[in-house]
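Chain lettering (A, B, C and D) follows the sequence in which the chains are written, and residue indices restart at 1 in each chain.
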Amino acid sequence: MATISLRRARTMIRKALEHGRAEELKPLCAVVLDAGGNLIAAEREDGASPGRFDIARAKAYGAVMLDMPGSAQMARAEAQAYFIACANGALGGGLVPVPGGVLVKDNKGITIGALGISGDASDNDAAAAKAGIEASGLAAEV
Amino acid sequence: MATISLRRARTMIRKALEHGRAEELKPLCAVVLDAGGNLIAAEREDGASPGRFDIARAKAYGAVMLDMPGSAQMARAEAQAYFIACANGALGGGLVPVPGGVLVKDNKGITIGALGISGDASDNDAAAAKAGIEASGLAAEV
Amino acid sequence: MATISLRRARTMIRKALEHGRAEELKPLCAVVLDAGGNLIAAEREDGASPGRFDIARAKAYGAVMLDMPGSAQMARAEAQAYFIACANGALGGGLVPVPGGVLVKDNKGITIGALGISGDASDNDAAAAKAGIEASGLAAEV
Amino acid sequence: MATISLRRARTMIRKALEHGRAEELKPLCAVVLDAGGNLIAAEREDGASPGRFDIARAKAYGAVMLDMPGSAQMARAEAQAYFIACANGALGGGLVPVPGGVLVKDNKGITIGALGISGDASDNDAAAAKAGIEASGLAAEV
């Protein structure tokens, strides 16, 4: 199973933030976690409020912990909100069920981590994450 | 970027509580946080229940961490309650999405902290906070 | 049993901080808790680092929770450090066993709260707290 | 008061890790926090164990929260271990009292954040942090 190297994580973040600037998104925070939910790299753009780190990290953490990207978590939340709320509790606050917690997949389709982004509207966060992951040569599940 | 001095925080709280007495609100608790979410000053009026401190603090903390005043958090909660519930979890309980967590802005419109008030109906809490912030010479985003 | 009114708590803090300025202490943080360990008032002077609130609050909290002022907690820590470390754990981090968590007593000698101060050397913190409590008309147990 | 921009934080981290490679240190984790203790940027080198993030972050957090760099915290721990242990509790686990939590100062000597590094021996962590901070044009208090 491939792992996300720091080099690759930096690229993911750089490209995601470049996407954000190109699309004139609000300042973003990006967090890359490995398959175990542990932080590899993170950056909070100037102007992104301090809590964006916690949100971005939780987006990525919930995605990796449940192997469910943000969009799937949101669908579950729409259908059974109490499950998702309690999953958040069970995961120590580490789950934010909206787009922006994007799974990172290797070329075999195995989840090797997640990139979480917070700062703009959720769909825009997710698009930035997808752009960053794909620019780094990996596959994204939004 | 301006910061909130203790002197200014005291004025904010004093004026907010004076507003509360003038409007005959229930006993209030007021908490001033800086731009990093750290406490500068707090006061709980006689008769305000003990937990009002935690609520007022969380109102202010969530506002500063997400750069979203209470009214905006409430709109988000109405539209997507599970997101706000999970954001509360991601912020360690530090978010209460109703009016009363009012952003404090400097004269350039930059958020330099927040004043959280709890004790009466939320809209009244917010009005007291707004009065306090404005009386101290700063701008309020409710 | 007397309780600490907000008015009295403000006086305690004001007088404690005045003592600090007169003695040219480093910037201080002062936290007044009631007999239940709940916050009545708090102020962090300009220049006092953000964590001084957590330390001052824990000094006062441990004092009230165990009815042991900071000096007594320190004596216990010197004799049986593992007990104090675990008491900190049992109290959720709310115990800092050095001078500066000063019990507030009514005229019958009953503990009605505590004033915690942090920012300078512990003995100076305690002296400031004692000055503030006594200036407010109550008795201090250091 | 200056703040640490993301650009500057990236430079700090890059230069700290370059120092680590030049000195053949073990893989490091570097975390930059702002003056409020909030994360700006972080990187964990390949081969640095997952918990190095928490350690590096806590080194920086305790430093900023108490305005005491790691070496000063260590001196306090040597003299009064129970105080430091309880301060860790009061700060929610956010304090690791050994070299490597290095304060970042602006040209007026004001603390504007901290760079925490973990992965090698503490003194080597601190040297890497100092190198990174100074290479970014700011001053370091080790």
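Please note the rule applied: a contact is a pair of C-beta atoms (placed from the backbone, for glycine too) under 8 Å apart; a residue touches a chain by one contact, two chains touch by 3 or more.
What you see is a predicted model; the values in this text were computed from it and never measured.
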Angle of the C-alpha superposing rotation, chain A to chain B, to the nearest 5 degrees: 90
Chain A and chain B: spacing of chain centres that average the CA atoms, whole Å: 30
Whole-Å gap between the CA centroids of chain B and chain D: 31
Between chain D and chain A, distance of the C-alpha-averaged centres to the nearest whole Å: 26
Rounded Å distance, chain A centre to chain C centre (Cα mean): 43
Contacts with two or more other chains, residues of chain D listed in rising order: 34-38
Touch-based graph of the chains, sorted into line, ring, star, complete or other: other
Pairs of chains in contact (touch as defined earlier), listed by label: A-B, A-D, B-C, B-D, C-D
Complex interface listing, chain B residues touching chain C: 5-6, 9-10, 34, 36, 38-46, 50-51, 53
Chain D to chain C touching residues, read off their complex: 35-37, 62, 64-67, 80-83, 85-87, 89-92, 111
Sites on chain B touched by chain D in the complex: 1, 3, 34-38
Contact footprint of chain B on chain A as seen in their complex: 49-52, 54-55, 57-58, 77-78, 81, 84-85, 88-89, 92-98
